[in-house]
Structures are given as structure tokens and as C-alpha cells.
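Chain lettering (A, B and C) follows the sequence in which the chains are written, and residue indices restart at 1 in each chain.
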Amino acid sequence: MNLLTNNEAFQAYAICSAILVLKMFLSAVYTGMQRSSSQGYVNPEDADRFGKQGTQASPTETPAVARALRIQRNDLENIPAFFAIGLVYVLSGASAFGAAVYCWTFTIARIGHTLSYMRELQPARSLLFTVAALANIGMAVNVIWKNL
Amino acid sequence: MNLLTNNEAFQAYAICSAILVLKMFLSAVYTGMQRSSSQGYVNPEDADRFGKQGTQASPTETPAVARALRIQRNDLENIPAFFAIGLVYVLSGASAFGAAVYCWTFTIARIGHTLSYMRELQPARSLLFTVAALANIGMAVNVIWKNL
Amino acid sequence: MNLLTNNEAFQAYAICSAILVLKMFLSAVYTGMQRSSSQGYVNPEDADRFGKQGTQASPTETPAVARALRIQRNDLENIPAFFAIGLVYVLSGASAFGAAVYCWTFTIARIGHTLSYMRELQPARSLLFTVAALANIGMAVNVIWKNL
């Protein structure tokens, strides 16, 4: 069996993917923390179990939870696309250098995006969104070019 | 061409991924059923086409649809991360045993998560969320360790 | 290193994945355009930075933005599943013909889904959703069959 162990392009992708999986988990924890501190529960069974005495579920999210959910949602619109295109790019025969540049650019930009979203920083957030998107677009164009 | 046929670690990942794709589809069907039974349409063209005579679209989701959408959303925050890290874990040279344990743990926990979300069961839902998240985290840490 | 260069099944998957990554980016741009033209900002820092003089953030999305977000959300419920099952299907030893049929069916149906969602066309949108879902289901069943 010929796996991808010792392929340097794959290794960059693998480490970045693992970091992004951990980052997505931390964003879920952050949302849970906002939910707990603002006592904002939409599921009645959550209000009963985790809310303070007498907490009622509300159909609308508190502003802090809504922001945390937008952070996660923006990740969902970008990170799974990276998971796919990054691996396809590696499997299409990317150089170690190209893979490292694309994968680390994407990963660092997305971590920065989350931090700037949490801290309400504009235009930093839009800039970092664009940098990460350009990494995905660059790999997508490269993949089309190589496999046509 | 050297594919991954007959790699046992890959086979566990492949079957679990396929089950999760089918599970995600069934969750979409479930949301559609809630929409139909609560006559809750947000798109006017859907109310016209699928609603009972005289049904109006509403900008807010009915409680039953909102819950079904939260089930799907929670899947989106977890399952694509599994798709990525599970494959990277296999391609990094996972043992058949390790892959089977991680992949089946994740898959069964996520199916249980959906069922307990549908039936409003806490703390079962939070527990199953955590078990599945730990499977992803375990693979992510393993991938970083192996590829550093 | 034995990569997937010159594997025709992989090449169909690779090109379709790249197109879908670009399509997801264009859907994000479309949402941004709806946000700008309806001046609908939910983050105060966005209203300050990108809104016209005196624009206030609103906790609820404008109808045009809400529709654009539903288009993206529907993609998230389907395209990452394709990314995963398409690659697993190829790595399980798909024929070039089978991969081309499944991947192009899915890709064209999803592009058609977005266009019919933008133009409020039913039942075209539901039909195209179903066609794309059937492609994913077909690959999932095939993967389970081959790897059992």
C-alpha cells in the first residue's frame, strides 16, 4: 500500500487540516460559552438542563450567540472547501513549496478571521476572508489547469 | 494506479463516510417533512407550489422546522470535519484497528446525536456531541503528531 | 510517490470539485452583493464600514440577504458531502465513465439549483436538488457495496 506518508506537500495539508479541525471545535466551544454567559437557549431541554433556575428558552438567539454562530457559519462556507481543494491539489502533484504556501496562508488567514470577527475588527476581517478565499481560488484554478 | 482498494483502514473510513452522507440526506428529508407538516415555508414560490391552498410564506421558521435545521446545522459543524480528518488520518498510515475505532465511534455518536436532538433528550445529546468531537480531536492530534 | 495524476476518474472529480469551490465563492459574493444593495448589515462594524452614511445594523436579515444565505446553506448541506463521497468513490476504484457521470451530474445540477433558487423557480429547484442528491446517494451505495 502506497500511502502519502513522507510526501511533504501532503504533510503541510495534513497538519493544516488538523489545525482547522481543532479550530472549528474551539469555535463551537466559544459559541457554547456565549450561550452560557448570555443564558440564551433556543432548545427548551437545554434551558432546563443548563440554564439557571427558571431560565426559559427563546426562539431568537442572543446577540452574543448570534455573532458566535455567524463566525462558525462563515467557517462552514470556507473551510470544507479548503479540505476538498487542498487535498485534490496535493493529489494532483503539488510541489512541497506550493502546498505549504497555500495551506498555511489559508489556515493563518482563517484563524485571523475568527479573531477579528470576535473582536469586531473591520476591515481586518474582510481582508482576511479575502486572503483565505484567494488561497482556495488559486488551488482551484491550478487543479483545473492540471487535470484538464 | 495504486488506489486504496483492500486497505482496511480506508474501508472503515469509506463505509462510515457513505453512511454519514446517507444520514445527512435523511436529515434533509426530515426537515422537509417538518416543513410540510407545519406548513412552514419561507420561500413564496415554495408556499405556492407545496403549501395547502392559501398558504402564505413566513420570514420566520416554525419551531419544528427550526429544530430540524439546527440538527442539520450541527451536522455541518462536525461531519465535514470528520470527512477531512478521517481521510487524512487514513492516508497518514492509520492502522485498521485505529481507523475502525475512530470512524465507527464518530458515526454511531452522530447518529445518536441526531436521534436525541429529534427527541429533545438532554444530557444524551451533549454527551454524544462530545464523544463524536473527541473522535475528531483524537484523529487531528494523531495527524499532527505523525506529519510533523 | 504514486499520486492520482493521470487517473481519469480522479481528473473528473478534481475538475468538478474545483468548479464547485469557485461556485461556492461566487455564492458568497452574491450574498455580499445582496447585502450591499439592500443595505442589510447585522454586524455593527460592517454597517459602520460598508453601509451608507447613517446605516444602522439590524438583527434580522433583509429578505434578499436571507434568500442568498439559504442558497449558501443549501450548498453546505450538499457540496461537502459530494467532496467526501466523490473522492472516496474514486479511491475505491471507480471507472472513468462512472466518475464522469456522477461528478458532472452533481456539479451541473447544483449550479442549476443555485440559479433556480436565485430566480425563485419551482419545481425546477426541487428537481435539481433531487438529481444532485441522487448522485451522492448513488456514490454512497456504491462505496458501501465495494468496501464491505
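Note that in this section contacts are C-beta pairs under 8 Å (C-beta built on N, C-alpha and C of every residue); 3 or more make two chains touch, one makes a residue touch a chain.
Not measured: the values here are computed from a predicted model.
Rounded to a multiple of 5, the C-alpha superposition of chain A onto chain B involves a rotation of 120 degrees. Chain A and chain C touch with mostly distinct residues; of the residue numbers seen at this interface, under half occur in both copies. If you average the CA atoms of chain A and of chain C, the two centres end up 17 Å from each other.
Each of the following residues of chain A touches two or more other chains: 2, 4, 76, 80, 83-84, 87. Interface residues of chain A facing chain B in the complex, by the touch rule stated above, are 1-5, 10-11, 13-15, 17-22, 24-25, 28, 42-46, 48-50, 59, 72, 76, 79-80, 83-84, 87. The touching residues of chain C, counted against chain B in their complex, run 2, 4, 6-7, 60, 63, 66-67, 70, 76-77, 80-81, 83-85, 87-88, 90-93, 120-123, 125-126, 133, 136-137, 139-141, 143-144, 146-148.
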